[in-house]
Amino acid sequence: MLKTHPRPLVADSAVLARCIDECGVCAATCTVCADASLAEDDVRMLARCLRLCLDCADSCVATGRIVSRQTDRDPATQLAALEACRAACGACADECERHAQHHEHCRLCAEECRRCERACDELLAALES
Amino acid sequence: MLKTHPRPLVADSAVLARCIDECGVCAATCTVCADASLAEDDVRMLARCLRLCLDCADSCVATGRIVSRQTDRDPATQLAALEACRAACGACADECERHAQHHEHCRLCAEECRRCERACDELLAALES
Amino acid sequence: MLKTHPRPLVADSAVLARCIDECGVCAATCTVCADASLAEDDVRMLARCLRLCLDCADSCVATGRIVSRQTDRDPATQLAALEACRAACGACADECERHAQHHEHCRLCAEECRRCERACDELLAALES
Amino acid sequence: MLKTHPRPLVADSAVLARCIDECGVCAATCTVCADASLAEDDVRMLARCLRLCLDCADSCVATGRIVSRQTDRDPATQLAALEACRAACGACADECERHAQHHEHCRLCAEECRRCERACDELLAALES
């Protein structure tokens, strides 16, 4: 889809596409992990996980959209959005990893958050170079 | 991810997963199509396309989240969200199809909107049965 | 802000502005109610409240955006979005009312959901007339 | 609404409430400004304005939600979200100010983006102290 855009892409198309895709997958994964946590018997132990999953989903949706746009961008806005998404993914991964042995949804969510964190890192590196 | 949820899924897992996935892909596709339209020389001809892509992206994000949640759902809320998403996808596809011969991003976007519209239809049918 | 739009508004400006405003306030209120419920000792009793608050916030964000746009609208998309928002507000209000005596955030959230539900009703009536 | 939360607020309630409110108002204002720009005869001159309004609306929605949550927060996630929102508001205000003499919606949008930028600044200062 990005290759049909009339403007030059803001970064290498593979790096850009990976970041957009991971933001979408991570937002969906965190939404399910939050909801699954809400249904667990030990939801009180999972409160921080649930909350950080909601933050991460919100940040991924906004950042995925902001880096999808190629027309007349503001570089500082895109960089700050990627930094915010990287922070949200990192915090959510840290917390989900603590519950990974007891809850498979937390284990999968932590893995996805790490993938999205790396994809944001790689796009940040490409945009800053 | 859905299979790790502690509650029974609200519908057949394949039908549910397809709808969630298509909402995510359609939201991303419409975001790019709106931005690509903005960069085209004939943006004034594409105003309706751009606007309906924004509506469709917003509806897909909300609906994808609402049907992702399995815990203590309200059936009427999920059905109405799917109806809204189906309407937004259908309207966006109709408009993008009118520009499909001139703009490859519109052609691809129309195809994706039709896929998401069908996925919403199938989940609606599964939930109403 | 709506009065500066170059196109005729899709409905009476007061009815339209009230619906947009209530969608914004209701989204914010439901986000806080969900988070407050997560911090309560009886979070397991509040699981349905928390979940429906998340649905309602998502629906209000999408619907507020879709009805804010005046340019080249698709009437069926706007009507279906309003129906979805009304359903989400009504379900969330019903559930929050059940906890209104024990939790002030639920009482306030139920009241706001009812205001937003009415504002959607009024805009639906104006658009359908 | 914030005062009903069972946890201590992450910052002074007036500073916090102002930031949440401005994020909501700014998201709504930018959504209308983008749509109004799309309907203007000189939409091609307003492409950057339209695009930055979409970015700003997305960032405001995500940030308003992330700072609304008081339960078990990750400080770095909240700070990075506020930095991202401040950047998006600043860039959108800069661009809208360039069109303020020709388009009243751009003038009002620039003013609102500056208010939201300041509210983010003030909450950042409160959280970092």
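Letters A, B, C and D mark the chains as written, and numbering starts fresh at 1 in each.
Here is the rule we use: a contact is a pair of C-beta atoms (placed from the backbone, for glycine too) under 8 Å apart; a residue touches a chain by one contact, two chains touch by 3 or more.
As the structure is a computational prediction, the values presented were derived from the model and not from experiment.
More inter-chain C-beta contacts link the pair A-D than the other of A-D and B-D. One copy, chain B, sits rotated relative to the other, chain C; on C-alpha atoms the angle is 180 degrees to the nearest 5. Spacing of chain A relative to chain D, judged by their CA centroids, is 20 angstrom.
Taking each chain's centre as the average of its CA atoms, chain B and chain D sit 26 Å apart.
Each of residues 35, 38-39, 47, 51, 54, 61, 65, 69, 71-72 in chain B touches at least two other chains. Of all the residues in chain D, the ones that touch chain A in their complex are 47-48, 51-52, 54-55, 58-59, 61-63, 65-66, 69, 71-74, 76-77, 79-81, 83-84, 86-88, 90-91, 95. Interface of chain B with chain A (complex): residues 1-2, 4-7, 20-21, 24-25, 27-29, 31-33, 35-36, 38-40, 57, 61, 64-65, 68-72, 103-105, 108-109.
For chain D in complex with chain B, the touching residues are 34-35, 38-39, 43-44, 47, 50-51, 54.
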